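A, B, C and D are the chain letters, set down in written order, and residue numbers restart from 1 in every chain.
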Amino acid sequence: MHAGIIFFLVILGSVLFHIFTPWYWTDVASNWGGMDDTITLTFWVGGGVFIAVCLFMIYCVFKFSYKENRKAEYKPEDKKLEKILTVATTLGVAALLAPGLIIWNQYVSVPKNALHIDVMAWQWGWQYRLPGNDGKLGTTSVRNIDDNNPFGINLDDPYGSDDILVMSDKINLKNNRPVKILLRSVDVLHNWYVPQFRAKMDAVPGTVTYYWFEPNKVGEYEVLCAEYCGVGHYAMRGMVEVQEENKYEEWVNEQETFASYVAKQKNIELQEKKLAKK
Amino acid sequence: MTETNNNKEQASTHKIGIYLWIWGLLFVLSFFSYMVDWYQFQGILRWSLILFFMFLKAGLIMAFFMHLFWERYALVNVLLWPMTAIACFIFLMVAEFEYLLFSRLFYFVVGG
Amino acid sequence: MSEEFNDNKTIQAQSSEVMTGGAAGATPDMDYVRPAEIPEQDLYHAHSFITKWVFCQDAKVIGVQYFLLATFTGIVGLILSWLMRLQLGFPGLAGFMTAEHYYQFVTMHGMIMVVYFLTALFLGGFGNYLIPLMVGARDMVFPYVNMISFWMFFIAVAVLMASFFVPGGPTGAGWTLYPPQTILEGTPGSGMGILLMLISLSLFVIGFTMGGLNYMITVLQARTRGMTLMRMPLTVWGIFTATVLAMLAFPALLVSAIMMTLDKVLGTSFFMPTILKAGEVLEYGGGSPILFQHLFWFFGHPEVYIVALPAFGIVSDLISVHARKNIFGYRMMVWAIVGIGALSFFVWAHHMYVSGMNPWFGFFFATTTLIIAVPTAMKVYNWILTLWRGNIRINTVMLWCLGFIVTFVNGGITGIFLGNVSVDVPLSDTYFVIAHFHMVMGIAPLMVIMGAVYHWFPLVAGRMLDETLGKWHFWITFLGAYSIYFPMHYLGFIGVPRRYFEMYDSPYMTSAVGMNEFISLAAFIVGAAQFILIFNIIKTLKTGKAAGQNPWKANSLEWYTSTVPPEHGNFGDRLPVVHRWPYDFSVPGAKDDFIPQTTPPSEVVHTEVEKT
Amino acid sequence: MSDPNIQGYELKPGFRGMAKDTGSDQTMFKGVHWGKAMMWIFLLSDTFVFSCFLISYMKGRGSTPEEWPNPSEVFALDAFGVPVPLLLIAIMTFVLITSSGTMAIAVKYGYEKNRKMCGWLVLATAIGGLTFVGMQAFEWSKLIHEGVRPWENPFGAPQFGSFFFMITGFHGTHVSIGVIFLFIYAYKVFAGHYDTGKRGWFTSMKGDYVEIEILGLYWHFVDLVWVFIFAFFYLW
């Protein structure tokens, strides 16, 4: 008897916890509200099943606990019941799967007008690169990376020279403009994850991975690394600021292009050489 | 090892001829698959010939040398069905390496 | 030598039984069981202490050896989890705790619990002890190989534990050991630690293969007369299917361990692309880290079911016995076990939705994954339908089973979140995942293990464990574990990533400090509560009530041995002959509320017993 | 070979027979010796090991943008001053198939309890295996001499050397283990352990000619794997 009561309290507690919890997801700040909706749907269906199964179990504990003179029912099988349950479960599962697949289809199909952003990760930090006026990012190679070329852009790639370099862990985004995040890592696996945007993908060394989202709420958000990448994993943070169009353009114009960066570096080198000569 | 079959007086040995036949066939098939390389066939013809001879040889070894042809169906099925998992693995890994090769070429070589 | 073997025993003794069998009034035909196909097993009877208790060839002793060693590693894993929770709940309280240590504890905790504790305990421990008894064999089919299997496991554990004491400490790469970071500087234990881990895993696989061959062939080829596959207890079905999975999945782990060892030692680049580290390009180039993930999860997902299926099987038997009712839908249960096992080879990449693999895989793997939900759900329905109109003994064993149902359903439901590809995107790599898999393959199987210990301890030791202590043990464990992992899902909803040593002042975490402290406290209590069981066992061995034959009034063969606890050879002079499935409880018209598997039909002619 | 004459379970062909065997008591593989069933299941597991190796090889080779060396040139051997493609590999294949044939016939004579023939054939198989291992050692040393290393090679993609040494090495280990057992079993056959049922030294199990068939299964499997390696690594 006590057992049934305690189990009931556990289920009741779970429901109450869910209703009154101060811990729940942050407000979504991108177009992936559909993921939240699917989670909610799964929550209702799944939670319903969980409660139903547990209540049934608790009922059995109350109703059929051991009595010396009672004999249990002998019924090895009930084909009809089993069939009904199978079909019902299959339908339920299909109903959950369908929205999941539909949203995944959107997730892997990037809109044509998306702004490409190259996110480069290393142990332990981030930096970003935006396409320049030609709207295209230059190709890269890990082997090219050095002080004069922090992104490892291939020098013979014509698209590379006007790329805008953001050598900071903070990136600005334009509100309501889809972005395609192109992830690149120079050492180990990382993952550029902003909880408010919901989306994430691993950065894998040796290839480029991508995902996209459309920020739709102005504000500052923290970037977390969501794939274990060594001892500094927990400290690998970044920042995203979503801005309105005019502010964003202002910010972009302040940034340096690859060509000007190279020129500046060369200048510095020259100065240093001159100093050394003197 | 632990037990010996009580009816061990073999009902099931085969004439030596069948083994010699298979043996010969294996040599011939190996020779053919070597010839695929010798004549430097290229493209789809090469791959299909290699696979054809490979599966034929593997089939002969399993069926006759390993006696699978004479085994009961229960054993044969237990051994062959798990290969679907391998087939699925191969199939998906083909898709995977093509995607990876594409990504590498696209982002590191071709660009745009 | 002749003393050590029963050379003279022949098969005749068994065949003659067929002719004289059958009670008065019934035709002998009715009780007919085919004569034995397999001759009497040629057993090695040990005499010295070493061959009897150390290098022992008796599956029951090997099972207990496995059980004890796995429990030992489990306690190590438990202590590691305490240390982790100490850091997460009360950062800075343990002065020695650096990020390196934390990650090493995380890694070792995960690997120990999944492979060296749960797998070894279910297959090595329960498998060895129960399979021969339940299918009516005298021993495993290759006792010698079985003995080697345990000692390989022993060496594997020794190598694993040795990694705590090498320079650099054990590996801290996370239990998934994802390259490239696993073998690069910047990850703790990337020198000796990871090598020892890989060697230990390889040894485990080799040792397990030896054991697994035994379990499989014993089930397939050494059942007693009348024991068809469809008359086997579900425990055997669960362990058997899990063994099949292990035999086919561990090769992928072995291969990835070998390849990673070569990457580490020889500098090959199977998993290593061009890497820039501290301003220098390393010697590696051209490999694919995702290949490792595929291999790892091709092993890793079946591994989940290697842990879960034996638990499914055992809990079915426990529920049936203690609810005094046949398991509902036995055939469905068997097909569900086999179906889940088969499907588990086609779903592995649902662990990799956000790994950067070919994005189109998401559709395939989400579909196959959710298909698995159907047979799993059927099993849950059948467990609770077994309780329906039963006659349920609410004893310790049944409590553990009920606890299993609650935690398993909870964890199973969250599995639907994570298996459904786009729902997984926001939740993967967060605490939601941790909560999910601890609930479904940590706590739920643990509940079954505990239930099984309380259930079969009378068989192993001949004494009944103390019920009061058992109930305290259950309630503290269940309520504690549930309050650890249920709130943890909500950390995942907030977006707290897993494997974070500390959170600084991120808004995500600061709101949840109180929850983390609570979870940690609960974890300390739950961990400590496990020592109640150890105390209970010691107490019972000294002063416990004698169990006698078949204290639970069960039907399956392990309770019908010649002595309790069973001796070497299990069944005395004659092997039992089986006439029915093991779930004939409360059959209308029968004298008792149970009919043992060995009861011939002629003794129960007037009952409405099911034909199996 | 399974025994077709088991009481109540006479061999029935096809799926019906399988269903009957599966639904029966005591054994599922009717008349199959425990050791033989064990070897089959072990080989199934080992198939997965080699499959995983070959799948990794496929993925590694497929996804590298660098040029993969042409095996037909890399493995060419000078015969009388003319480079013949894959000459050594062809001979190795020939040797391994020869040894597989002798093994198959040894199994046959083992069943007939023909001690002499069985023993000589097992010995011949062992020698064939030894030749194979020797030639593989020669091939390895030749490649190492040419500058092929597990981590690099002068011909192209570095993964070529890695996969080559790993896969042939793993296969070679299997062959070597097989050769050791072949010699032991040849001795046991000649010493008559299988005729008298003498107990093994390690396992203390009674000797029986079925052990020759079990060993044969393993040996044919090694040959089988070579067929795949030959096709995928050398010809592809």
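Here, contacts are C-beta pairs under 8 Å (C-beta built on N, C-alpha and C of every residue); 3 or more make two chains touch, one makes a residue touch a chain.
Predicted model only: the values in this text are computed from it and were never measured.
*Asks:* Which chains, if any, touch chain A and chain B both?
*Replies:* Common neighbours, chain A/chain B: C.
*Asks:* Could you put a whole-Å number on the gap between the CA centroids of chain A and chain C?
*Replies:* Those two chain centres are 33 Å apart.
*Asks:* Any idea how many Å lie between the Cα centroids of chain B and chain C?
*Replies:* Those two chain centres are 35 Å apart.
*Asks:* Could you give the separation in Å between the centres of chain B and chain D, each centre being the mean of its C-alpha atoms?
*Replies:* One centre to the other, that is 13 Å.
*Asks:* Which chain B residues reach two or more other chains?
*Replies:* In chain B, 1-5, 82, 89, 93, 96, 100, 104, 108-109 touch at least two other chains.
*Asks:* Taking each residue of chain D in turn, which ones touch at least two of the other chains?
*Replies:* 22, 28-32, 34-35, 37, 44, 48, 51, 59, 63-64, 203, 205-206
*Asks:* Return the residues of chain C touching two or more other chains; collapse runs of consecutive numbers into ranges.
*Replies:* Each of 38, 42, 141-142, 248, 286-288, 290, 294, 298, 360 in chain C touches at least two other chains.
*Asks:* Please list, in label order, each pair of chains that touches.
*Replies:* Pairs flagged as touching, ordered by label: A-B, A-C, B-C, B-D, C-D.
*Asks:* Contact residues on chain B for chain C in the complex?
*Replies:* It comes out as residues 1-6, 82, 85, 88-89, 92-93, 95-96, 99-100.
*Asks:* Within their complex, state which residues of chain D touch chain B.
*Replies:* 1-5, 11, 13-15, 17-18, 21-22, 28-35, 37, 40, 44, 47-48, 51, 55, 58-59, 62-65, 72, 85-86, 90, 93-94, 97, 100-101, 103-105, 108, 111-112, 197, 200, 203, 205-206, 208, 210-211, 213, 216-217, 220-221, 223-224, 227-228, 230-231, 234-236
*Asks:* For the complex, which residues does chain C have touching chain D?
*Replies:* Spelled out, the residues of chain C in touch with chain D are 1, 4, 33-38, 42, 44, 141-142, 144-145, 209, 212-214, 216-217, 220-231, 247-252, 254-256, 258-259, 262, 266-270, 283, 285-288, 291, 294-295, 298, 578.
*Asks:* Of all residues in chain A, which touch chain C in the complex?
*Replies:* Those residues of chain A that touch chain C are 1, 3, 6-7, 10-11, 14, 17, 21-26, 32, 34-36, 38-39, 42, 46-47, 49-50, 53-54, 56-57, 60-61, 64-67, 70-78, 81-82, 85-86, 89-90, 93-94, 96-97, 99-101, 103-105, 107-108, 122-123, 141-143, 145, 183, 186-189, 191, 193, 195-196, 198-207, 209, 222, 224-235, 237.
*Asks:* For chain B, which residues count as touching chain A in their complex?
*Replies:* Touch list, chain B to chain A: 100, 103-104, 106-112.
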